[in-house]
Amino acid sequence: MLLGRVAGTLVASRKEENLEGLKFLVVRQLDVDNKETGGYVIAADAVGAGVGEVVLYATGSSARQTVLTNNRPCDAVIMAIVDTWEVGGTEVWRK
Amino acid sequence: MLLGRVAGTLVASRKEENLEGLKFLVVRQLDVDNKETGGYVIAADAVGAGVGEVVLYATGSSARQTVLTNNRPCDAVIMAIVDTWEVGGTEVWRK
Amino acid sequence: MLLGRVAGTLVASRKEENLEGLKFLVVRQLDVDNKETGGYVIAADAVGAGVGEVVLYATGSSARQTVLTNNRPCDAVIMAIVDTWEVGGTEVWRK
Amino acid sequence: MLLGRVAGTLVASRKEENLEGLKFLVVRQLDVDNKETGGYVIAADAVGAGVGEVVLYATGSSARQTVLTNNRPCDAVIMAIVDTWEVGGTEVWRK
Amino acid sequence: MLLGRVAGTLVASRKEENLEGLKFLVVRQLDVDNKETGGYVIAADAVGAGVGEVVLYATGSSARQTVLTNNRPCDAVIMAIVDTWEVGGTEVWRK
């Protein structure tokens, strides 16, 4: 999984049928120091994340292992909202 | 998923049998600011996207989770046409 | 899928049993302007591609969705020979 | 698999239901000379690794092939703690 | 698949149960000109490769399609030892 910050929302009305009901969020990738890497992903939201929240996202086939995304053409999912992480004994982020 | 703009079309008459009927599009990857990243993918089209349209595409095994691509040697699919997305409260793209 | 040009051949007599019969080709990756990117892949050939031909290849689990590669430890397959592609209304390649 | 050093821990109380019980660790990627590459991953811990330990981690669908991670939206798992490795006859690391 | 040279060995006594019996090798990635790219992978050995040998390795779910690696949390496997490859009609490597 990688760390990301929800940066915005995306709307797509014309899509593969079985994607109905999925909410897509624009996620900017973060490094372990909570800095943006420049990378991003458009992820389905499985946990009700809001804009500005720090999240964990999974990619590839693992992104389909949620009730929402199962058997859908979805390769990235937000599967957790991060409360806190620490590196080398120092807290980097707290919600 | 990543953002892309359909840049063109590709024809391949000699191919693995079970690819018959798939339409292949040349997709240039976009970043969240709607700028080309230099990356690209040749994707199967599951939604009737046209040249110039901004789309979402999925890769890997998730690219086979559409009626069109199921059980086929296809690792990238356009699964949605993007209407709009916003970042930091600002609309970046509207169809 | 990505574009590539078949650059050569590879022989491996000692290999996992279920790889018998697969032909391995050296494929240089191309960008959408038909220029080499510097990347490459060793791919199984599912369509009888020859050295010099421009091909499409799929990677990951999708590379196992051909009769030849099914259930084999193969993560890249040439699944089509490209006839032509165009970008922005201009033909980039014709076989 | 890639080499990593466990750099810290991460807590996420709001998450996809079937992730309950997984412990997430912050892992910095190492190269074969035991130097950090700058890359990282947030991985589920399947072996009881502690902060500072050198580990092997697997990504993608292979990350779900442990008792802990099976059928969960988890794309990275620590599946071994490294005792030692050598390159060119020289020991690079010993626990 | 990608080309690599076996650079060394790795020992991990504490690991996910179903990894017992797998031999892990340190593999440096090669390009098509037989030069090291700087990349590496720790791969399970399915063919009895020795240090110094040039090999083919597969990654992702394809790495689990050998008798040795089936259903194990292993995302890279050496599935062939390379005898020879040629590029542009010139032999680059012969064992």
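For reference, chains read A, B, C, D and E in written order, and residue numbers begin at 1 within each chain.
We take it that contacts are C-beta pairs under 8 Å (C-beta built on N, C-alpha and C of every residue); 3 or more make two chains touch, one makes a residue touch a chain.
Being a predicted model, the structure only gives us computed values, none of them experimental.
It takes 145 degrees of rotation, in steps of 5, to superpose the Cα atoms of chain A onto those of chain E.
Per-chain CA centroids place chain B at a distance of 20 Å from chain C. Measuring from the averaged C-alpha position of chain B to that of chain D gives a distance of 32 Å. Residues of chain E found to touch two or more other chains are 60-61, 63-64. Each chain touches the next in a closed loop, which from chain B via chain C reads B, C, E, D, A. Looking at the complex, you find that chain B touches chain A at residues 1-3, 31-32, 46-48, 56, 58-67, 69, 77, 79-89, 92.
For chain E in complex with chain D, the touching residues are 7-19, 24, 26, 28, 40-43, 60-61, 63-64, 71-76.
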